[in-house]
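Shared between the two complexes below is chain A, which pairs with chain B and chain C, respectively.
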Partner chain A sequence: MSQPDVITVPILTRVEGEGALTIRLRDGQLDDVQLRIYEPPRLFEALLKGRPLEDAPDITARICGICPVAYQMSSVHALERALGVVITPQIRRMRRLLYCGEWIESHALHIHLLHAPDFFDVASGIALAQRFPDEVRRGLQLKKHGNRLLEVIGGRAIHPVNATVGGFHRWPRRDELMSLIPDFEWGLNAAIETARWTETFTFPELEQDYEFVSLSHPDEYPFNEGTVASSAFPSIPVDDFLQHFAEVQVPHSTALHAVRLPQQSTYLLGPLARINLNRDRLLPMARQTADDIGFVVPCRNPFRSLLARCVELVQAYEEALSILRDVDLSGPSRIAYDPHAGTGCAATEAPRGLLFHEYEVDAQGRLARARIIPPTSQNQAQIEADLRRYLQAQLTTARPRDELAVRCERLVRSYDPCISCATHFLKVKWEEA
Partner chain B sequence: MTDRPLVIGLGSPHGDDQAGWLVIARLLERGASPTVVRAVAHPAQLWDWWEAGQALIVCDLSLGDGPPGTIHRRVWPHDPLPHEPLAGTHDMPLTEVLRLGAALDDPPREVVVWTISGGQCEAATGSSRAVSAAAQSLGDALWEQLRGE
Partner chain C sequence: MRKPRVGVFKFASCDGCQLSLLDAEDELLALCDRVDFTHFAEASSDLQPGPYDVAVVEGSITTDEDADRIRRIREESRWLVTIGACATSGGIQALRSWGDASQWVSAVYPSPQFIHTLATSTPIADHVLVDIEVHGCPINNRQLIEVLVAIANGRKPHLPSHAVCLDCKRRGTVCVMVAQGQACLGPITQTGCGALCPTSNRGCYGCFGPLPAGNAKSLVAEFQRQGHTAGILVPLLRNFNATAPEFREASERL
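Let's turn to the complex of A and B:
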């Protein structure tokens, strides 16, 4: 009898859903830690193949409901590289403003409702609201500002539809943009208050010898372009990303991990990496806030990502206000192009870290190949490394396992991973050899 | 505080899960103001549109709640809401969103949850005929209610 045919699904990517944590002990000592992501592969790259290149921004935005702009921005920049499209300064500024909206709604939600409860031993934002109603109200208001900005520029708050290759389908309305200014002035001060509030939290001790990786730009805090900077190696052009970083498959996760080449080491993306590598390019009020809350770089404590996120919340408001006060909608909203064969890649900074896209376009303007490497999959191996180091220290304290599980869950949450359904309600499984 | 209730349609583009969005589409078609009639993907988006004290009407799909197209009316918190599976990143079920409002002393004046029973929610499919018809009928009924307020 012949062997059955082998069916292979080689694309194991995009995770937004459920995960769990397995900790294995041997003779009371840590044997292994696995952050298991078992969400089925979503096959977005295969879905894109053969479609018109114009579909990429809107389809990839569906990968995530919380950071669709990041997917749109990485895709449009990569496709513009493939087509040789050069956007105007006006379009570039409006894209930065759109990105500000996403950072504001994502960071405000995570700081107030997902992460802050951990520092008060409460299980949810609802319980936190009973102790800190004003702070939680403030968080909801900030989140609302972010979504309103996304709606004004992007056409709607969730999965905006106005971004396209070459620019925007239409300019946002000037009066709608201007009407946001009073709320954003209030929001900037509220974001600073948020940072001052979180400064008072008690952060667990954990120092890791990270390689920080983020985009870096000589003139601005990174959003949508720059080189790939590292705390351990020289900066590289985004075009060389795949020569220095690779995705690898691990048996316990349907999401690919990512490693630094050639040593196959872990690295850290996200707010902590961004500020550590770009602190001098924060805008004045954000930089002052970092000073005021004692955020010293390099910060190597992952729990303090909360503070980094607060500084970036101030940064996003400050930059948004700067653009809103000097709105320039002159020139075309979209640069025309003729589809032709080409390959291009780009990286932008999603709230959770660097998001890499690469596309190959055929002569008819259809997508021949797509490659998407999101920040959460890149951070997975680093999360596991952090958990190992953290647990090695915690296991010497004879704490009950239930308490250790809660502490590990909080460490995972400090990354604000895009598997928050799992990480906010993480099931920890203990295995004794 | 506005006297007009906020109508939220919860859903996604997938099959019968469009039920809430179809109700909103019908309301807009009939002439409802887009400022108080909103289609959203996640319950937490309710915070983006709801004003403190404003009455709230939520339209959503329910599963295993009778034959496809069956419409149920529930008043929160008196009536238990149908099971709400978590569906995505940073998602919070409707009940938790409402409880957070209550914890902040800003609960909606009244919360009425209309559900349409459905079944198939596969990606890239339309809603079933029964759910589409029920959504249109519910949209018409809500339009008459809104006009009377």
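Let's turn to the complex of A and C:
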């Protein structure tokens, strides 16, 4: 048996967190692909134990600087389930508005600064701005709107301070919310323009037979509640999540892999999964945008997740505007509760996919146990499966190794992986005979 | 004058502090005219080797490999700027100091033998000489831009050093401690956030870290006089800057 060949590409860039990729080739054939997550473990589930339950949204936000609101939302909903707290429709709407801010900020960042450079062979969004100054500046403006919305509701864009179990520490100021409307009206049209721009990109060919998984709600595009829907299996309540999905540990990663039970198969989370399962619940302009750019479902090409992100950008603006135009700050900003023992779980849709939290609270209102299953660790096994399929096709043509490595990195990047949540430092290592 | 070559490096952290650079939407392109980001993996695939004029370092040291890596970065860099609570004080992951790290790994991972981590999470300054610290969880990106522009212009950066408490007075925010009896770390926490938490009707949780001249002992005594127990105060002092000496000592006295 021949020795495997090893080729290393040192760092995965324009992603969030630290990881590596090992590709093992034997006799010119693909032997194995491992997405290796190097991110040093920070042990959140352990450090939460014994702390006041109110700490969960502030501390879990620190898992990720790009999607802190997702952590805050999954944690407050899970703890409200544990405590039997029922929030008002006003609080629910304000949470959706807050989440719109994070989707706009995160999607605009990924579309313009992280992902789009791949389609023009440039190293960064800054370099892309030389060629497409108006498009990149527009993208930065969209990103700024998302951040501004987070600041108005949450105090700041990264690790906002206002969300809490039961609601918000205070209502945002009506005048500050209203002042956002003109910018968001401009932004809705700008987001549609962005979708039309990205539709002209040339997308690599890859079709994967995914199981799409996302939250699904009968009346709305999913954010904070719904059942766990799938393209392959019946929907399940979030309470049953751990009976159908499990985390397994692999030696090459500090992120746990998630698989569908009982067959231990991979599944896909994120914008592509959400839109495939919920296209008919897009708001009118988002749906029209999807029609105009020819985004038809099922779409099984991971590179085209860029287009799904653009449609969701329009969706988030449209939803934000409808809430802003009908702001209702009546009633308490926060529902009071008496701490007592209980267990509760919740899932919400982070920009990069379903984020599951489960907590056990003791009689004194302290966290007895925490379980967090982030979207990127759930997508990790699917990313590896995509890389295997993609490489097999690529290896049939004689391409230089460097180019193949770049292509693999782009495939990983199309997932908008959040490696701090699960990986920043992707070494592509080749092993070949 | 040649543009300073800036490298951005990540250790154990959430990426939020370096993301705050990309969040400077209005200034980002202008900033790139003043400094050259020659190594910024979150933003660019064009990663150039050192030496660097400025190393911007996010995150804490939690592995032996990272302890070696920060020494190599220091050797290659003229100025070393740490950003955020993880890099300046060890971050939330430093809570392992009061737990058993190996037990914690077992609690999170089914096969702990594959996980290599130190029993401590330490700030960068415990390992190498740090020239400038920018505090916060997350940092205020205005402060980091000020530092980078100051270095580009060969002058000393202006970083404010008063307490959050003063910002409330300036903003006219009613004191949540005096008026509502909430435990608020504003009097002993460095400014930078703009007093966000009291403005949001809650006590400051100290994410910008301790004010060097703060009187934690006296503040904690006042909290206790108001009826707050150690069960509330210890977790309040032990969060994102738990092992910063002033907060650590105050929590261990309780």
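The rule we apply is simple: the second predicted complex is superposed on the first by the 409 of 433 C-alpha atoms of A that agree within 3 Å, B and C clash if a C-alpha of one lies under 4 Å from a C-alpha of the other, contacts with A are read in each partner's own complex, and residues count from 1 in each chain.
The rule we apply is simple: a contact is a pair of C-beta atoms (placed from the backbone, for glycine too) under 8 Å apart; a residue touches a chain by one contact, two chains touch by 3 or more.
Source: prediction; values computed, not measured.
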{"item": "Clash-or-fit label for the pair chain B, chain C on chain A", "value": "clash"}
{"item": "Which superposed partner A:52 touches (first chain B, second chain C, both, neither)", "value": "second"}
{"item": "Partner chain in contact with A:161 - chain B first, chain C second, else both or neither", "value": "second"}
{"item": "Per-residue contact with chain A, leading partner among chain C and chain B", "value": "C"}
{"item": "Chain B versus chain C as contact partner of A:298, first or second or both or neither", "value": "neither"}
{"item": "Partner chain in contact with A:89 - chain B first, chain C second, else both or neither", "value": "neither"}
{"item": "Partner chain in contact with A:66 - chain B first, chain C second, else both or neither", "value": "both"}
{"item": "First, second, both or neither for A:109, with chain B first and chain C second", "value": "both"}
{"item": "Which superposed partner A:43 touches (first chain B, second chain C, both, neither)", "value": "second"}
{"item": "Contacts of A:125 with chain B and chain C, given as first, second, both or neither", "value": "both"}
{"item": "Stretch in clash, chain C with chain B, out of 63-71, 117-125, 171-179 or 225-233", "value": "117-125"}
{"item": "Residues of chain A at both interfaces, chain B in one complex, chain C in the other", "value": "16-17, 64-66, 109, 113, 124-127, 129, 137, 140, 143-144, 147, 157-159, 420, 425"}
{"item": "Sites on chain B touched by chain A in the complex", "value": "40-42, 44-45, 47-48, 86-92, 96, 99-100, 103-106"}
{"item": "Touching residues on chain C, where the partner in the complex is chain A", "value": "10-20, 22-23, 25-26, 28-29, 32, 37, 40-47, 62-63, 66, 91-93, 95-96, 99, 101, 103-105, 107-111, 114-115, 117, 121, 137-138, 193, 196-197, 199-202, 205, 207, 231-232, 235, 239-240"}
{"item": "Complex contacts: residues of chain A adjacent to chain B", "value": "16-17, 64-66, 109-110, 113-114, 124-127, 129-130, 133, 136-137, 140, 143-144, 147-148, 157-159, 418-421, 425"}
{"item": "Of all residues in chain A, those that touch chain C in their complex", "value": "10-18, 39-47, 49, 51-52, 55, 58-59, 62-66, 68, 109, 113, 117, 123-127, 129, 137, 140-141, 143-144, 147, 155-159, 161-162, 164, 169-170, 248-249, 251, 254, 256, 364, 409, 420, 424-425"}
